[in-house]
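Look for chain A in each of the two complexes below; its partner is chain B in the first and chain C in the second.
Take a look at the complex of A and B:
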């Protein structure tokens, strides 16, 4: 299992390194159209061939991976912070505050997010650069995607507030801020990390969905999602296997995140078990 | 006895083969559930298809020759300078339920069609002036229809008016066309069966249609439609995307046809509306003819046709496609791709190129957004090519894909956009069908709609010419006016026409008598003559 985890980390490091070094590794600009060779097969000049407009697929894959692998964690961080704030406040204070916060959470969960994203995207200014549009897309994902995590964090905080060590801390005169800083946040660390790692692949796939609808990253900037749009006409079975490479990269990256996530969950479970076996001790 | 057996069997086999050719069920896809079965209210492709196959019309425009041919009417005459039309009807016609057809039904249809409560787009084409449309029944087989004012291209407008029955218990569902609606399974299919009372016969005197039935399968996904065609589950595709066309052609070249340039045009326009919330300096660029012409010359239309449409498109000339044989202005040629000329024009307008970026006289960097509808791969590709082309003359373009409703809201209500890339199918060949686009007072005058008075001299001239052609009964004169409008549009380029798409169709080799047309409906315009090979029955 440890080997698998190391392999997952290695794959993510390589993927991240290739994505960040796209400018140096890519044989051509992601937007350059080789109009004399559209839809070309792989060759020495174009390792993964060219797309319908003659753009180098390998260059677009590297730049697309950079967009998704850098911005998805950013969006995940935003959503985790928001979830921690709303969920933590609800669980910490309980009572009307919890009811109010959970109502907001339910409201967010009940909204059809895809339509909400489409609507929000539609009211944004049109004249923004592709780079800005992709940042805005991921920020939107971050600001709209926190509700499910907030519910889990609320439940975790609520349970913690009922625990003996919190009662002991309060009895010894810990103030609210000190209690949160020294007991609540450290004990929620596992949950928060788990929510963060869960969100990363979710946002990569969400952006892929948006891009598949043509509403994510705008031309000519690629993302893993926008590259997957080529597979939309796979029903007529384009025989070119290399067009599946972005899908393979997405599956591998998401799987690696999942492997790390499972490991985190296992560590968290074992630490919770330890804290149950040692009542009163901070976990 | 044995000597007689062989000839008898041969005759029997021949008869069964002929009988088999008469029948069969043709299957093809429609993209959605039909919005309506009302023959006077076709609103989208699906209902239009059903109405075309079931509706009987007084005359039909032949999709190949583009000439009107007799159908339910044996002859017609446009009188009083286009204010009156006289129809002589065919004798002995019956609706699909056996109800006889007569002049009374024509009067009933016109009354229904012109009812303002119906809001029929077909009826709108006949509204030429204030006052009522009246129908005079001269005999059971002769009828006059009188309009309050001259209606240009009057006769051909009846191509889109299916006759209703005033007496049939089935009301609107009684059909005079080759088929009638027999079954409708919501979300799955519509089954049309042969009209047993259809009047038309082939050259050998056999009653048409040859087919027993047409099954219209509801299928939105074009890829799945193509897959079903490959499997033989459907036998025709009316409108193919170029990449799917190529794919099917690689499987069997005989099953696809490029019917030539169609009247479907892709174009780009800048927002010139004075009330739009765009920066004043950008409005100055967009309202400059030199700027629009420069952008037009910097776009490589030939590359666009070759790459995005796989060669199944032509660089567009202007408002009328060459598919429209009579009204196309053959003197006009597509704007050439010439970035150097574009830069010269821009310099004349005070623009300058600095470090690869174009700047106006005030030093503003030239940058604008092109809005288009999301999930339309061809348009997004065209936008990406324009982006690359304009980069060569220092213009920065941002491509924005929005969902269809957001695009319509911006171009029709808020005017909050800079440039827009869309396509339009000109289903009506006559210039009267595009009055709503070219008159400056109209809401579909997209670059600057609903003007109280024309904003520019050339728009004033277009208004005058469009009104003049609409009020003239002389085809030659109308052609001159409409040619001039095309020339002005070519010079001013309020719409930057990009490419005219070809009509791409797929027809199984088992379907006989198919003669695809560049005009809608490309594959089944002669549905009554279509036959299926026996194995497909």
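Take a look at the complex of A and C:
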């Protein structure tokens, strides 16, 4: 299992490196058209061939991976910060504040956010630039996807506020921002990181679904999701294996995140069991 | 119970308001694709703009909407020019049917695989089950829907395959934790058979959490069905939401958000009531 995890980390590092270095590795720009060779098969010049508009698929894959792999973590960071703020406030203050915060969380959990996402994404200006569309798509993911994490962070903060080390810190005069900064936040780091890493693959898949429906990243800017739109041709035209490469990359990248998340959840559940066996020990 | 109903109603109304607010504040709300139609006269374009502006005052729109809702009037769809109530009546059965099939398949697969993986104790089987669930969890719903279109398989099965990994993983972890509880270890030590331990000791312990998962799985299923209905051309509310989003149809989108929120809240409330009833019975 350890080897699988190392392989997953290696794949993610390579994918991230290739995505970040797209400008240097890619043989062409993502929007450059090779008008003399549209729908070309793979060759030395075009490793994955070209699409209907004559754009190099390999270049678009690298740039698409950059959009997804850089912006999904940014959206995850936004949702984790929001979840930490609302969940942390609720758990820290407790009482009516917690009840209200959890009602807001329930409200957001009750709204099917894919419905909300397509609604809001659909009413963006018709002349919105591709760059703005990609930023807005991931911002929406970040702002709408925080609720489930907030509930977990609230529970973690609430438990911590009842722990002995926080009681000791309070007894020695720590309160307010100082208590949060020095004791609560450092001990919540594991939970926050877990929520962050859980959100990244979820946002990559959600963006892929939105883009496949034509409501994600606008042309000509590619993302791992928008590249999947080409697969719709498979239904009508003869299947060409290289069309499936973006899908394979997407599945491999998300699977690698899942492998690492499984390990994280196993570590967390074993540490929770340890803390149950030793009452009072901080999780 | 009265409090729960009140909370349910408040959450639904707030969900509709949040949906409407987000759509209203989106910068392109007042724009209509028809405005790009060069064959329309200046008067027609002005009429289009007026129709959009009629919904621009959010407070007025929502109060008017609530007034209509109290009389069972959900308004008229701007894009399809039909009463929203009629559209929902036509589309909801297809979605509910897909939802039921998908959930039954997902639960049978998820529970059976989790139980088999735990009972067999075979590392190879667990790895295979993890691999299969990982593959489906990493596949965008839109892509699997395309595969089902090509193979001409029922779309509801695609939804089932996308929901089952979440049920499988949760159930497997739950079984792992349950099997480590002292009373279950004692039962096994006393020589109780595998099936007896599962049916008499593990299932009652895990049941409250499984009942909670039923509510959550319905919410997941609704999100998964949206892209599947669009790609597979299933005339359900997911497809309707996509059409409404494409056409920027605010009344229809608000009603769809409310309807889906209603389904989600009802499902989670029912599963919560069942869970509490089970805990009371067990006590």
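Quick notes on this one:
The working rule: the second predicted complex is superposed on the first by the 244 of 283 C-alpha atoms of A that agree within 3 Å, B and C clash if a C-alpha of one lies under 4 Å from a C-alpha of the other, contacts with A are read in each partner's own complex, and residues count from 1 in each chain.
The working rule: a residue touches a chain if its C-beta (ideal position, glycine included) is under 8 Å from a C-beta of that chain, and two chains touch if they have at least 3 such contacts.
Predicted model only: the values in this text are computed from it and were never measured.
By the document's definition of touching, of the two partners only chain C reaches A:201; chain B does not. Of the two partner chains, chain C is the only one touched by A:247; chain B is not. Within the superposed three-chain model, A:38 lies in touch with chain B and out of touch with chain C [touch as defined at top]. Of the two partners, chain B and chain C, it is C that touches more residues of chain A. In the overlay built on the shared chain, the residue A:219 is in contact with chain B alone; chain C does not reach it. By the touch criterion stated above, A:128 is placed in contact with chain B and with chain C alike.
Contact with chain B, but none with chain C, is seen for A:52 once the two complexes are overlaid on the shared chain.
Residue contacts after overlaying the shared chain place A:116 against chain C, while chain B stays out of touching range. Touching of chain A by both chain B and chain C, each in its own complex, is seen for residues 118, 121-122, 126, 128, 213-215, 232, 234-235. The residues of chain B lying in touch with chain A in their complex are 221, 223-224, 226-227, 230, 243-244, 247-248, 303, 307-308, 367-369, 371, 374-377, 380-381, 383-385, 387-388, 398-403, 406, 416-418. Note for the complex: chain A touches chain B at residues 31, 33, 35, 38, 52-54, 118, 121-122, 126-130, 133, 213-215, 218-220, 229, 232-238. Contact residues of chain A toward chain C in the complex are 103, 106-107, 109-116, 118-126, 128, 201, 205, 208-209, 212-215, 225, 228, 231-232, 234-235, 247, 250-251, 254-255, 258-259, 262, 265, 269, 273. Those residues of chain C lying in contact with chain A across their complex are 7, 11-12, 14-15, 18-19, 22-23, 26-29, 31, 33, 36, 130, 134-135, 137-143, 146, 149-150, 173, 177, 180, 219, 222-223, 226-227, 230-231, 241-242, 244-246, 248, 253, 256-257, 260-261, 264-265, 268.
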